[in-house]
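A quick write-up on the structure given underneath.
To keep things simple, chains are lettered A, B, C and D as they appear, and every chain counts its residues starting from 1.
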Amino acid sequence: MSLVHFQILSAALFSIGLYGVLARRSAVLILLSIELMLNAVNINLIAFSAYTESLASTGQVIAIFVITVAAAEVGLALAIIINLFRSKGSVDIDKIDVMRW
Amino acid sequence: MGSTQESGTEGGVLTESLVVFLIISVVCVAGGLGVVFSRNVIHATFLLLVSLMGVAGIFLLLLAEFLALVQVLIYGGAITIVVLFVIMLTKSDEFESLVDNSQKPLAFLISIGLFVVMTVAAIAADNGNTVRASLKFSDLGHSLFTDWAIPFEVASLVLLVALIGAIVISKQGEEE
Amino acid sequence: MSLLDLLKTISAIMGMLTVLSVIVLSLTLLERKFIGRIQMRKGPNRVGPFGLLQPVADAIKLVAKEDILPTWVDKVIYWVSPLVVFIPTFMIWVTIPVARDVVIRNLDMGLFYIIAFSVLSIVGLISAGWASANKYAIIGGFRAAAQLISYEIPIILSVLAIAMLAGSLNLERIVDAQATKPYIFLQPLGAFLFLCGGLAELGRTPFDIHPAESEVVGGPFVEYSGAHWSVFFLAEYINTFAIAALTTLLFLGGWLFPGLPGNVTASGVLVFLTKTYLVVLVIFWFRGTYPRLRIDQLMSLGWKVLVPLGFINVVVTAVALKTELPEIILGLISFVILASTFWIISVRMRTAPKPEYTVRLYDPSLEGLNAR
Amino acid sequence: MVNMGPQHPSTHGVFRMVMAVDGEVVVDVEPHIGYLHRGSEKLSENELYVQVVTLFDRLDYISNLNNEMVFCRSVEKLMGLEIPERAEYIRVILCELNRVASHLLFFGTFGLDAGAMTPVMYTFREREKIQSMFEMVTGARMMHNYIRIGGVKNDVPEDFHRRMHELIAELRKGIDESDKLLSFNEIFLARTKGIGVISADKAINYGMTGPSLRASGIPMDIRKDEPYSVYDRFDFGIPIGENGDCWDRYYVRVEEMRQSMKIIEQALDQIPEGSTITPTRLVLRPPKGEVYVRGENPRGELGVYLVSDGADRPYRVKVRPPSFCNLMAIKELIKGTYVADSVVILGSLDIVLGEVDR
């Protein structure tokens, strides 16, 4: 098991997440896909830090920050989605592509 | 999800841990695919949880125990539940028949392409790096509160701002 | 990891499952007997001597019962939810020591591990509520999620103060640090927070809001029956025991008792079990005497009382550690804060005029008869 | 939208509330009644007068004797029948005892509604003693058919006085015990104080009577306002509340139990010797006419409007059930509260569906 395994796994998760972001219509589902992508990044970060002596703590610390930001992002995004649902009655991204309503 | 994590901590011999790695990876990827292909939003959320718990297992394999636990706590305990709350509040069941949009084929191509590119790049750059550095829990804490003290404070500020922002945004909608 | 190790691990897990099942059986009997005594009943006394075999009979009944699958449920989630609730409750026992070295694996981050995994079972509750396709179940699931997330915070804060005092998250070392004084004397406030949060985590009276029988008729579990319901039931009682065990380990000195050798396994286990069962009895005692809070009262208690108290607790502990205050003063401060909290709550609850006067007797000889 | 009932542990029978909820808040509620309709009023028109008494037993099945008494009094009034004093006293004693039993049941189930599981055991134990007392006197635990037109079925047993005094002492102790357990518990106060408040005016407009009305501060009690039977000979108070919230409705009842026991004790001291029934014929034919008689039931005013055309069966029996009228306020009370409160509010009105649906 070497670094490349983790990188491939990370790439796979990232691509799946990207597909989700591009192809989904529901804002909630897009959010979930973004979470997948963030986790792919985290895998990469930690894998690199684990395989590189000099970066031992850096990767993990940055991963902690990524998780923090992810949590903040989910909170905000969900608040926006709820607001959107209240004003538009829908969370379909394709329906809310106009800039004003 | 539980047993895989348990065996993951054992990771000493390479071949055995490779098997464990493959099992967890399959769980991760299958969960991820489930998230993007499932037609039911709630199912998608639970599959995301499965996938993220798999990621926690990967963290264990990488000897990042603290992060694995953080992953379980934050994603399992907080994010999934908040997402479930929102799904149930916004009655997203209406999307069962139209979860995907017209960009589907294009998105599929892009994703596959990206995956191929990244994999090729990773394999090409693979220098057989097998030095594995384990990190002690206390060292992580130490570096977090010394070298990274300012980013840490900034991150907590970000969280606070996001918290307040979320409350304000969702309150605004209520008044209308 | 060799085959032998794997076998060892598996046998340890199986052994733990058996022991926990027996403990759950004993707890159900104990609860029914104890609450029966509180209510001046006898409790179960027909099956076996003194009703000792009652839990076994119950278990057989549960397993033999028909497992009802309502029409509209989401089958996969409906069947998986009990497991999602059960597995984390079971997994936290991996690192709870019963006596010195009597533990499957003593993790350095034991406490953190326990907290991280105990959160997972919320997902099981909310999914059970959703999958049941029942309105009571959904309300119950939501209540469970809101309540459990909120009360996670006071628990974490009280645990944090303990970790600061002991300088470790390792449960064995925390117990060792209490060799001379149990932390309940240093942290009465922390113990209160932990037990309060723990009760809410368990969903037991007075915080049994998500399974409230008189409102949502069992909450997330309303549609479950038979073996699947028994899995929830098992999880609830294992959790009860876990909270009691953690209270024992964190605040009551674990397997240590003055005058008894702490390193002998037999006496350690005995002391630990005695203490834990005493805490369990306290939990049952609450159930026998208290009504249930309302969900908004529960949330305001959690966020407006317990969370600030938790922060105060952490800050006081930190300051005391930094300035090297004598431990007795720390204990006193903590106790004073706790007592004043109780005092404020009881005063606020009785802001109304003295209860004796609220209902007064009307004497028609004094006023006109039809005063209205 | 949540459908609470008809089979729900907190609806005290087969009552159904359809609640529109927003999260945990009830925005609208639609009560549905009639699941227990047995056509009691219509049935009465086809029964002999003496048989109708048994139907009244089954109206408010928690306070049977009170129901019987009101109906018997209506027939007696129509016929101008005089009742022996001893019978009146026995009636009063048993009715007040029945009131205590009914309030004890309320006490326990109200605790259960608020989530406390112990009070119900305590009060059922006390109620059980009353039931066995009833069994001793009337021969039945619930459907007594003991109060007859013209008096009571039979005289009380010989050791009635002694046993009553014992019972009262035990009840006093038991009620104080339960009171101590529940009434001033902080959580209980938080759950009931200020919940389901109804003002005096509104309560009157909704036609509420009994403890539910008195909790709003109106000292209306038929035993005082329009003393029937021998109630004018006793010294007792009427507990009234101040705020008209759930706690007041609850505590008024607790106090009422104490007053009832006071009445019983006085009655036991005053009770004269003599016969217990004015002999009447089996088939009564009251003169043509109509009467309205009301009595203070544990739940409020039970009114019987009786029309006779001179035949051996009543022409029309109209019952004004207290539970039904009290229940009318439920929509007003529950709107805007929490789901958990709705259960407590319904419990505090203390309805009996046998009476609501008749």
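The rule is simple: a contact is a pair of C-beta atoms (placed from the backbone, for glycine too) under 8 Å apart; a residue touches a chain by one contact, two chains touch by 3 or more.
Small disclaimer: the values here were computed from a predicted structure and weren't measured.
J.: Using only alpha carbons, which chain's centroid is the nearest to the whole structure's centroid?
T.: C
J.: Roughly how far is subunit A from subunit B, going centre to centre by Cα mean, in whole Å?
T.: 7
J.: For subunit B versus subunit C, what separation do you get between their C-alpha means, in angstrom?
T.: 30
J.: What whole-number Å value describes the gap between the mean CA coordinates of subunit A and subunit D?
T.: Whole-Å distance between the two chain centres: 64.
J.: Calculate how many whole Å lie between the centre of subunit A and the centre of subunit C, each centre taken as the average of the chain's C-alpha atoms.
T.: Each chain reduced to its C-alpha mean, subunit A and subunit C end up 35 Å apart.
J.: On subunit D, where are the residues touching two or more other chains?
T.: Residues of subunit D touching two or more partner chains: there are none.
J.: For subunit B, give me the residues that contact two or more of the other chains.
T.: As it turns out, subunit B has residues touching two or more other chains at 66, 70, 78, 85.
J.: By the document's touch definition, which label belongs to this structure's chain graph: line, ring, star, complete, or other?
T.: Looks like a simple chain-to-chain line, open at both ends.
J.: So, with touch as defined above, which chain pairs make the list?
T.: A-B, B-C, C-D
J.: Write out the stretch or stretches of subunit D touching subunit C in their complex.
T.: Touch list, subunit D to subunit C: 1-3, 8-10, 21, 23-24, 111-118, 121-122, 125, 181-191, 193, 200, 204, 214, 218-220, 224-225, 237-243, 247-248, 251-252, 254-255, 259, 338-341, 343.
J.: In the complex formed with subunit A, which residues of subunit B make contact?
T.: 14, 17-18, 21, 25, 28-29, 32-33, 35-36, 41, 44-45, 48, 51-52, 55, 58-59, 61-64, 66-67, 70-71, 74-75, 78-79, 82-83, 85-87, 89-90, 92, 94-95, 98-101, 103-104, 106-108, 110-112, 114-115, 118-119, 122-123, 126, 128-135, 139-140, 143-144, 147-148, 151-152, 155-156, 158-159, 161-163, 165-167, 169-170, 172-174, 176
J.: How about subunit C: which of its residues touch subunit B in the complex?
T.: That would be residues 1, 5-6, 9, 74, 76-77, 87-88, 91, 94, 108-109, 112-113, 115-117, 119-120, 122-123, 126-127, 130, 138, 142, 145, 149, 152 of subunit C.
J.: If you look only at subunit B, which of its residues touch subunit C in the complex?
T.: 1-2, 6-7, 10, 12-13, 16, 40, 42-43, 46, 49, 65-66, 69-70, 72-73, 76-78, 80-81, 84-85, 88, 137
J.: Could you pull out which subunit A residues touch subunit B in their complex?
T.: 1-9, 11-20, 22-26, 28-29, 31-33, 35-36, 39, 42-43, 46-47, 49-53, 56-58, 60-61, 63-65, 67-76, 78-83, 85-87, 90-94
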